[in-house]
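Each of the two complexes below includes chain A, the first together with chain B, the second together with chain C.
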Partner chain A sequence: MKKIAREILLPISSIFFAFLVGAVIIKASGRSPFLAYQSLLMGGFGSLGNLAQTCLFSIPLIFTGLSVALAYKCGLFNIGGEGQFLLGGLFSMAAGIYIHAPFIIHFPLCLLCGFAGGAVAGAIPGWLKARYGIHEVINTIMLNWICLNFVAYIVNGPMKSPSGLGTPEPLKTAIPPLIIPDSVIPGNQLNIGFIIAIVFVLLVGFYLSRTVQGYNLKAVGLNPMAAEYGGISISKNIFLAMCLAGGLSGLGGTFYYLGDLGRIPSTLSFTGYGFEGIAVALVGGLNPIGVFGASLLFGSLESGGIFMQLNANVPKDLVTIIQALVIIFVIVPGLVQSVFNWYRAKKEKEGFEYS
Partner chain B sequence: MDSSKQQNILVELKNITKKFGALIANDKVNLSIEKGEIHALVGENGAGKTTLMNVFYGLYQPDFGKIYLNGTEIHMANPKTAISLGIGMVHQHFMLIPPLTVAENIVLGEEPGNFLTYNKSKAISEVQQISEKHGLNVDPAALVSTLSVGTEQRVEILKLLYRRASILIFDEPTAVLTPQETKDLFRIFNSLKKEGKTIVFISHKLKEVMEISDRITVMRQGKTVGVLVKEKTSEAEIARLMVGRDVLFIPDKEVFPKGDVVLEVQNLQAVNDRHLPALQGVSFTVKAGEILGVAGVAGNGQTELAEVLTGLRSVKNGKIFLKGQDVTQDSPGEKIKLGIAHILGIAHVPEDRHKRGLILDFPVAYNLILGSQNKLPFSKNLILDSQAIQNFAKEKIVEFDIRPGNENLPARYLSGGNQQKVVIAREFSRDPSFLVISQPTRGVDVGGIEFIHHQILSMKKKGKAILLISLELDEILNLSDRIAVLYNGKIMKILERAAATEEQLGLLMAGISEYSSTEKS
Partner chain C sequence: MNTLSVVRDFTATTFRLSTPIIFAALGGVISERSGVVNIGLEGMMLIGAFGATVGSYYSHNPWIGLLVGAAAGGLAALIHAILSIHFKADQIVSGVAINMLALGSSNYLLLLLFKTAGNSPAVPTIHWKIFAIAAFILAFLIHYFLYHTPAGLRIRAVGEHPKAADTAGINVFFIRYCCVIASGILAGIGGTYLSISLLNRFTRDISAGTGFIALAAVIFGKWTPVGALGAGLFFGMAYALQFVLPGLLPHGVKIPPEFFNSLPYLLTMVVLVGVVGKAVPPASDGIPYDPKESR
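And now, the complex of A and B:
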């Protein structure tokens, strides 16, 4: 119980410190931090419509965050989220455009293809690591660029739509349906991806904590030599972890391109969701529930940022600054923790000397 | 206190307190060392001996407490300060550069010569001079990579002497030595003492402490519990102070009728991680209800032998038979079948529990099922059964007296002895027919050693065949029925326990076999 409290307290106070420093920056630029934060909060959670927008922004982050967290449990640093995201998007888009089937078959098939696309992009560095011991950080970074250029070529070549904006739009049966009808919250775009993302949060959590496979995967991540001694194959688990991590990022791309954008644009670049997934995973303490919370936070900053820019005249770039500050406060080893420790040590020291 | 004695005190550590998080490694520890004495610092593992010396050497800053040298308070900022004050330390793991010569290693950082040039002949002659003066008998021109462990240690000592150290600290120096090498080391200790040097000797081997030291400071759980004069104390008294109760030294040995051959190994060959031959034709058998001890100095093939027998390393040549069945893992290049030991019913207590035996960040309960996680009752249809895992852990915690008795605590937070108990509990609960037990009591406190030895003997009573690999000769002598001496990847000789003497084993461990030729075999 105490442990859980501490695990929650630390990120919350890190976020608090990040906003505190952010306030100083806003003040220094001659604007009102109160107005800025008020509009940020309003923009993120102020109305049902804004809340729906926050949830929508968080979908890809949940998937890429889970991707990074899962790989990390197997001792792997998956920087390849961007590439996996793109390849997953491409595979699902192709399935969405070229396959004709009723929704009940077509939509799940698109998800499967998206997962497979990401998994392929994860499998390559996974195999290179498992078979030849080549470090996954190098491979995933390089593969990001390969994926970007490959997808850009396909989108501007074989899959180019006559209109020239990128790929054609997917068939209606491939588009993730809205959760809440437009008539209830006008203009909302929150699709079923959010519910599927929550399901995956629970699935990944269950997989890691309750299955033999999860046990094996974590064992390899924590101590490969001991895992081997326990009859667990290091290479198999590394490969598997990278496939699964890639697949999760691929699903992020699936919902982003099929749902949010409705096509893959011809002017393709990294979306940033893959890299933000690293931040989300770290802020979320590398556990699935934490990833969910961190994704909502980052999603709300995204949707609230636009609002803040309009209302408080604070540039949206400040959101990026706050995101960066949150990350710094969470991951710089114990920046906040050291404040706690220093305080406790000071108290103890006093107690010791007087005793 | 009379003033003459006061003057004789060279070093005084007062009220040293050092905490690591919640752990108090040193709790107001006092230590005073007289000039020119050999002072032993004894205690169980985790008693705080090494921490205390690291504080003295400037590697750690104490939270409280003061250090006095010749009566003046000093601030030991870092090891550089310590070295400049004439304090030197020989660590458990030697800090030498193998491709360089002895002389180069010794003068490193203080090379003779001017700014740009290095005066090689001067370095050699200076080192030669010091070596002769103290009877260290080291060739300054030899490459360190060609030296034996005992000689490497002497190079470390030379390094300190070259830097004009007058207080020499040794952290468990005999752990890696044969009995003969230990004798040599003690001869060197005595000659250094005659030169007026002061020696601090960290150890938990009481026999050696009684042999060499003048005074003994005993530590227990981070506190000083006694300062003894060698002439006025006994091994039993030191042990009592170390553990806090009376200790039974030798477990009761009963003779059992031996059963059938359980394990047979024929001409076993294997390579080490650097692809160099590590086992060069090893053959032996182990019978049911028998403990075959494998003695030897570290690095003579013990690690590889245990790994080959448990399927963690492939066999290059030779055969392994378990109950008559060929279980040799000899597919070179191919991945060996992992977990074969667990499938065959071989239990393996690995030599290094942190490296292989435990996943430190897993809770105790998870560590207790490592290797059985995919079997009933711990999992069904690939889903873990938390209840069964917890129940099993609770049962083993009671049975093996694992403390603290919290199955959800990560293994990292257990003491060395309790971590080892987790490994032993897991392996002994597999109901194996054959056990490979490596270094079962390395870094385990005296109380824990006693417990683990009894567990091993009780497995023997149950008719298990046991291969006991240990660097502690006393352990081998106390537990084994027969003793095989491993040297350079070969078995020098297999002796009946009753016929083995420490002297003879020591020679065999050093690769000298003429002793055996003089007796009938």
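And now, the complex of A and C:
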């Protein structure tokens, strides 16, 4: 029980401190931190529509967060989420446009293609790591840019639509259906991806904690030499972990491009979801349930950020700053700890003076 | 179009596009030689570009802009140094955080200071040739510094085997702090070049991956200053090709620009596999130094 409390305390206090520093920044800009955070909260959770928007924004984050967390469990650092996201989006979009089938076949097929696309982008650095021992960080970064250029080429070349906006729209049978009908919450776009994301949270959690394969994967992450000695192949698990991690990010791209955007735009850039996935995974303590919670938080920041900019006149880019600060506080437990220590020392000193 | 002007344009474009890569890559070499991986080059360039624009805008003097840009990059690097050296945080995650922080704060300040989400107003600039020549000279200076001076030897020792260096009386933390801050200053100058030399203003996300190309150049140049210079030039050439090549290719043959854009990254992966000779990073690159740990 105490262990769980400590595990939750770090992310919570990190988030708290990040917002505290954020408040100082807002104050220094001559705006009201109170109004800004109130608008941020209202924009994220204020109405059913906003809540639906928050859930929608959290879908890609859940997938990229799971991706980073799963790779991390195998001792791998996946910063290739951006590229895997794009390639997954491209594969699923191609399936969505060119395959004709009823929904019940077409939609799962799109998901499979999206997963496969991301898995390809993950498999390459995974294979290079397993076969040649090359650090996956460099290769995943390089692949981000290669994927960006490749997808940009396909979107503006072979898959270009006559409208010039990017790819054509996918067929109706490929678009993730809405969960809540428009008549209940007007204008909401929350699609079935949210439910599938929750299923994947549970699946990844089950896989990591209840299956032999998941155990092997974690064993390689914890102590590769001991795992190998125990008969677990290091290279096989590294390759597998990167494929799965890539596939998860690819699914994020699938829902983003098929659902949110409805096409891959011609002016292609990184969405930021891959990098935010790192933040989400760290804040979530590399635990699938934690990833889910952190994704909701970050999703709410994104949907609330626009509202904050309009309402409190604070640029929504503050959200990015806060996310970066959260990462900083999480990776440096010493930073949070030293604030606590300083506070305690101050308290003790004060107590001493009184007595 | 005659051949001479094509060659001249091509050379000029190569140098123009190489310069920011070389500056940031030299920074990367110094930092990684001392044992600190710097994924945050991109962010340090971005914040440097913004700082330079602000400095040049308010002082009407681009040289002040250069100073502010370099200082801004150094400041971002200081955060990276504190996190990864003092607090022994994961250097890669810290770098990712620096990149996000730079992206967020440059856009935040852009809206706050210039009331725009896109382009800042035009500011006074510095001629690009000054930067290009400086980058060349600097590469050889850093080479001399790293391989022919006691301080350079210390830096390399700290990057290879910090414990041994510590035992020999070298202050590992101090050296690493200096190197990381120097890398931020260099990346900041690279960013300064982008905003007040190549362009005359700051635009949203102006670095657009240049810092990551610089990271590739560090590896492609096998963690040496002259190698980074060569890699920077080579990558700049790959970019310049896409402006020149369409006029030279036979009619109907087209190579998509995206191919040239991915070339630096593709080549770096190829180099890492060892096709063009093995690329080996400094032995303790990326590992925080803990004096209490016995290794």
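Quick note on the criterion: the second predicted complex is superposed on the first by the 336 of 355 C-alpha atoms of A that agree within 3 Å, B and C clash if a C-alpha of one lies under 4 Å from a C-alpha of the other, contacts with A are read in each partner's own complex, and residues count from 1 in each chain.
Here is the rule we use: a residue touches a chain if its C-beta (ideal position, glycine included) is under 8 Å from a C-beta of that chain, and two chains touch if they have at least 3 such contacts.
Quick caveat, the model's predicted, so the values are computed rather than measured.
Aligning the two structures on chain A places chain B and chain C side by side, free of any clash.
Taking chain B and chain C in turn and counting the residues of chain A each one touches, the greater count comes from C.
Contact with chain C, but none with chain B, is seen for A:F275 once the two complexes are overlaid on the shared chain. When the shared chain is aligned, chain C comes close enough to touch A:D317, but chain B does not. Of the two partner chains, chain B is the only one touched by A:A226; chain C is not.
Of the two partner chains, chain B is the only one touched by A:K218; chain C is not. Of the two partner chains placed by superposition, only chain B is touched by A:R210; chain C is not.
Superposition on chain A leaves chain B and chain C with their closest Cα atoms 6 Å from each other. Taken together, the two complexes place no residue of chain A in contact with both chain B and chain C. Across the complex, chain B meets chain A through its residues 63-64, 310, 312, 335, 338-343, 348, 350, 355-362, 366, 370-371, 373-374, 379, 382-384, 386. Taken together, the chain A residues at the contact with chain B in this complex read 210-216, 218-219, 222-223, 225-233, 235, 349, 352. Those residues of chain A lying in contact with chain C across their complex are 25, 29, 77, 79, 128, 132, 134, 137-139, 141-146, 149-150, 152-153, 157, 275, 278-279, 282, 315, 317-325, 327-328, 331-332, 334-335. Listing the residues of chain C that touch chain A in their complex gives 39, 79, 83, 87-90, 92-94, 96-101, 103-105, 107-108, 111-112, 117, 209, 212, 215-216, 219, 256, 258-259, 261-262, 265-266, 268-269, 272-274.
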